[in-house]
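Dropping the structure in here first, questions after.
We just call them A, B, C and D in the order they show up, numbering each chain from 1.
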Amino acid sequence: MPTVWVPSLLRPLCGGATTLQVEGQTLGEVLRAADARCPGFFERVVQDGAVRPELAVAINGQAENYPLHEPVGDSAEVAILPAIGGGGFSNFEPRERRPAGG
Amino acid sequence: MEAFEYIAPRTLAEAYQHLGNGKRTAMLAGGTDIIVQLREGRRSCDQVLDLKHIPELMALAFTSDGTLEIGAATPLADIYEDPEVARRLPGLVDAASLIGGIQIQGRATLGGNLCNASPAADSAPALIALAARLVIGSSAGTRELPVEEFFLGPGQNALQPGEILLQVKIPPQPPGSGACFLRFIPRNEMDIAVANAGVSIQLSDDRSRIERARVAVGAVAPTPLLVPAAADALVGQAPNAETLERAAQAAAEAATPITDMRGSAAQRRHLTRVMTLRALNGALQRATENR
Amino acid sequence: MPRTQVQTRLNGADIDFLCEPRQSLLEVLRDELGLTGTKEGCNNGNCGACTVIMNGRIANACCVLAVEAEGAEVTTIEGVARGDQLHPLQQTFLEEAALQCGICTPGFILAAKALLDKEPNPDEHRIRYWLAGNLCRCTGYDKIVKAVQKASAEMQEAKV
Amino acid sequence: MTTIDRTGYKVIGTRPVRPDGVEKVTGKAQYGADIRLPGLIHGRILRSPHAHARILSIDTSEAETIPGVMGVLTAKELPAADDAIQDLGEGAVNLRELSDNVLALEKVLYRGHAVAAVAATSPHIAEEALKKIRVEYEPLPAVLDVRDAMRDDAPLLKEDRYTKSMGAEKTDRPSNIASHNQFHAGDLEKAFAEADAVVEREFTTKMVHQGYIEPQTSTASWNADGTITIWTSTQGAFVVRAQVAEVLRRPVSSIRVIPMEIGGGFGGKIPIYLDPIAALLSKKSGRPVKITMSRTEVFEATGPTSGTYIKMKMAAKDGVITAAEATMAYEAGAYPGSAVGAGSMTMLAPYNIENFKIDAYDVVVNKPKTSAYRAPGAPAAAFACESVIDELAKKVNADPLEFRLKSSSREGTRMVNGIAFPRIGHEECVEAALNHPHYRAPIEGPNRGRGVASGYWFNGGMQSSVVAAVNPDGTVNLIEGSTDIGGTRASLAMQLAETLGIPYEDIRPSVVDTDSIGHNDVTGGSRTTFASGMAAYESGMDIRRQMAARAAKLWNCTEDEVVYENGTLRCTKDSTKELTFKELAAQQPRTGGPIAGKASLVARGAGGAFATHIVDVEVDVDTGKVTVLRYTAVQDVGTAIHPAYVEGQMQGGVVQGIGWALNEEYYYLEDGRLANSSFLDYRMPTSLDVPNIDTVIVEVPNPGHPYGVRGVGEVPIVPPLAAMANAIAEATGHRFTDLPISPRRIVETLHGLEE
């Protein structure tokens, strides 16, 4: 069961919980499982079928621009944090490469 | 940069002739101020007169009575690299070797620094302290002016239309006198002075009293300032700490500084006292040494 | 705007070029003569990236009108090495990692060359004072000063 | 001085001369502005004199008639002009703002914002033509200070911008606060109540610039077949290609970006400013167009780093830091996207603190859009945190380094974002600093002081691609796409040489354009030696596998019976069978044709790195001038590939930090004008302002890299701001919490001078 570190601003959705143990083999499934426990969670992290551009997700400490179909190991830790491109434009995702669908 | 004509007269007469042709003229010696001002549109002209090919303006020599005559277009590096100047006028060398980096000093001139008439001009306080006089020429002849009267306001000098600054004349410094020039800049090089001070004093034969003094400050008023009150606080007094402190305080009180990106008025007034005091100590040391 | 013909001695060769009076020596070196080794960093005399040697003295080429080069002797970075034989300073700058991006390096090498030609054994303060008109943002100056010191030592040994 | 012995590396750890060195010391290297093309014409940009105004009209008719003018451009001709935000979606706001920053469409948001451009046969004619363009503005009130911008009554840069807070619209009314984020753990009230010592301070820093000596430059040619070629100095040719493709609505494949040598970037040459303008002017004029910014344009209109306000409160109990509470507000500039996020995650990274609460605000102001500046966001955050830690140490009378060591993070410590640290080296850095002769030496004399501080940066991984082609003479062409700002051609070649067991001199690296190699992300985030180095290693292993296969065929044995060591292949079955790399390279045609290794990867396992600095200063209390007497920088680099280039990164970062601490600032006038937009009054340190910078390389290898590499470029700028402030506090007895700690600030404070 992967562990989700609940970002401070989303804890009110989860009754104040700081971590969640949820089911899921991919990032999308994990976020949906978290949403089931904390209504509105998925919407706050995902937009247009991808992680919001101002956010980044870290799986086992590796922060990247993961697609929602990124596999997540059973004992993985998932954290949600501000994107650190710095300078705004540099973590710029050209349109064609934006993944389709959740 | 707007277009202009370039003229390099070989004689003063030729220069005066071009000056009188009704076109807006910019004088070019070292060019380290004027070229940048033209490029940034802070000045514009129809013709540029390059003065560096007129022998009188490039000459550097001591006259028989010990007066140093410096052609207005002589590069600063020529001045401070001259061993005789360094021996007789270390205060002048202080100033000449501080203006801009080495690249600037190989081109920039005393004439250019004075004509640019920046309130912070690094050559001004030293020349005022040394009681320098300026020789100004035109097709009608020449006139002389004490250097402190050459500055009318920020960027404004006393040249009339058709006139050229020809020479800076520095009288011999009597035995027992010493001069020193210091400036404060945030970095150790390349900055415009936040405050600068030039002083010269002459000690009595027995070094017990100060017989003559001139104190000048810069960057703390619309023009570089000769401060008579500071000199009065020195003349006739024993060259001790209290005397120098009183003179430095007098210099600070004469300052009318402004606040801008380079410094605040309060900071400049404070620095005027500090830099004048340090320059006085430097001058005192030189005066006692060459007694 | 009519152009003026200028004759000058550039890197040991007599050449002439046409230019407008408003063109700086930096602009002509780069855009007319194709000598792009002299770099523009600020175009107002504050960074030293356009340092050249003119009549034996270093100068910022951006603060010299090209027409002022008439009859002058000018050396740019392209004239420092002798064919493929690097000047000792060029060699020590490489050996001591005295450059990172390299845009300021031509200016530093000409400034340091003029210093060592004039004063064979300058101390660290003298080197730092002489090079204060050349800005570098990558190195923090440490390795540049050491490269100049090393070249100074090697050049003195070579003379002995 | 490196602390651990080499683990048998032959090339790694040596100090060869970089392959691009001779060209750079002889002036032959081609930087962006050095490009010369037949028919080349010159572009210039018209920029807004107002900090905030609506553009009512732009009349370019007269400019177009001037002899020599060959093209005039305004934002109306940018494709983004006709996009309504709705159909682009929230995610593409970035694109809309990127285009608007290239050429303003409806509003100018900072003085210097580009509004029009001209191309002409000479730069002088182009400048004169700019004066003939008439722009009608409706000036609007501007806001320049970050705290002013956060107030409810502040003038709004964008009337319909609401604060985003992790995906939710936070405020009910529009605001200049673009986003708010928070990290929180533990019980702060309890920690502060039970503490032995609590320190609370407010800090401000000013907007500062990267200060690269080469101004931004771009040359573009819109070719007859509709393709576009761009020559520019950039940290990332592929990122330029992607941004230009978006702004011009052209397929990425139609754009070829040729990275020229780059004269410094430090993060500031990632965004694009000139490329789309040069391209469109080229299309209009049928000529290649070169645009180079003046130094004033670079200061006024390219991304500085944020001015900041940080309120910092920390507590200590039993000699350990137990709580940290911070409010951080960073100027984003004209559009959202400051580095407050990175600042909020690096600030406490050196320490294991149980109770923390960090609120981070990204705030737009009428100043140029900020961009990355070396560890973006981290130096200002460390200035606040490490200053307060120094006061805490004093209150519990602990040695400032011992105090930091006791609270240090280590493997397993969780960062504020929940991520657990892998193997890291902060403790090793603090210990190395504690035992260093500099820290052991007494510091005496009036108005002298010693300061210490630590710092952290994540270091990036991201995407890299290389190809390594074996030449018949046994040399290898390393074809890569990472622009080389500080010697990465050498550090990549060294890693490939080490992998192949051949001399460094036999590797011929070349940085190529976007048509000639797979995608490479920016040279930035201190990632190149790590990520492109990993790709170089993988391409070397690919070559070794291909060579082993050939040897096996030649020797009639299986591949796993072939051993590759020190550039020699041996057959374990028959010791007489041996081939050197060179020998096999010569037989490529007869053994299956040319051998080339390839690697394209997302480099994972980037090693975060720490630094601890020591500085001694003397303060002239009469003039307020600070002299740096001695500086020692200690830094964990994982493995130093080329120690001299590592030392150079450390020394350069330190001196940028010293400039930031003492004299550098954007000095704005009331009307939003930047007063000091020149190297004369934007005071970067000269050679005479700093001593030699002593460096200590600590090597705690990064398990995520074949040679243990960690990024080194950005960490060194993080500690200096606080180290200088702590040293000045010791020297003067006064704790300065506002940067720069200039002579003016020191004199006004110590002598009580009022304005």
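In this text, a contact is a pair of C-beta atoms (placed from the backbone, for glycine too) under 8 Å apart; a residue touches a chain by one contact, two chains touch by 3 or more.
Remember, predicted model here, so these are calculated numbers, not experimental data.
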Query raised in the report: Count the touching C-beta pairs: is C-D or B-D ahead?
Result: C-D
Query raised in the report: Could you state the distance in Å from the CA-based centre of chain A to that of chain C?
Result: 54
Report summary line: Averaging C-alpha coordinates per chain, one finds the centres of chain A and chain B separated by a number of Å equal to 67
Query - Mean-CA-position distance for chain D and chain C (Å) - result: 29
Requested in this report: Report, in whole Å, the distance between the mean C-alpha point of chain B and the mean C-alpha point of chain D.
Outcome: 44
Report task. Pull out every residue in chain C that's touching 2 or more other chains. Result -> 20, 22, 43-44, 46, 129, 132-134
Query raised in the report: chain B: which residues touch two or more other chains?
Result: 1-3, 101, 188-190
Report task. Enumerate the residues of chain A that touch no fewer than two other chains. Result -> none
Query - Contacting chain pairs - touch in the sense defined above - result: A-D, B-C, B-D, C-D
Report summary line: Within the complex, chain C is touched by chain B residues 1-6, 8, 28, 30-32, 35-36, 38-40, 48, 50, 52, 75, 77, 100-104, 106-107, 188-190
Report summary line: In the complex, the residues of chain C that touch chain D are 20, 22, 30, 34-44, 46-47, 49, 76-78, 80-81, 86, 90, 93-97, 99-106, 109, 124, 127-129, 131-146
**Report entry** chain D residues within the chain B interface of the complex
**Finding:** 124, 127-128, 622-625, 662-663, 667, 675-676, 679-681, 683, 685-686, 688-689, 742-744, 747-748, 751, 753-755
Requested in this report: Report the residues of chain C in contact with chain B in the complex, numbered from low to high.
Outcome: 1, 4, 20-22, 24, 43-46, 48, 51, 54, 57-60, 62-65, 67-68, 70, 111, 114, 129-130, 132-134
Requested in this report: Enumerate the contact residues on chain D facing chain A in the complex.
Outcome: 89-92, 94-95, 97-98, 101, 164-168, 179-185, 239, 242-243, 245-246, 252, 267, 270-271, 303, 332, 335-339, 341-342, 344-345, 360, 369-372, 376-377, 417-422, 458, 461, 522, 524, 602, 604-605
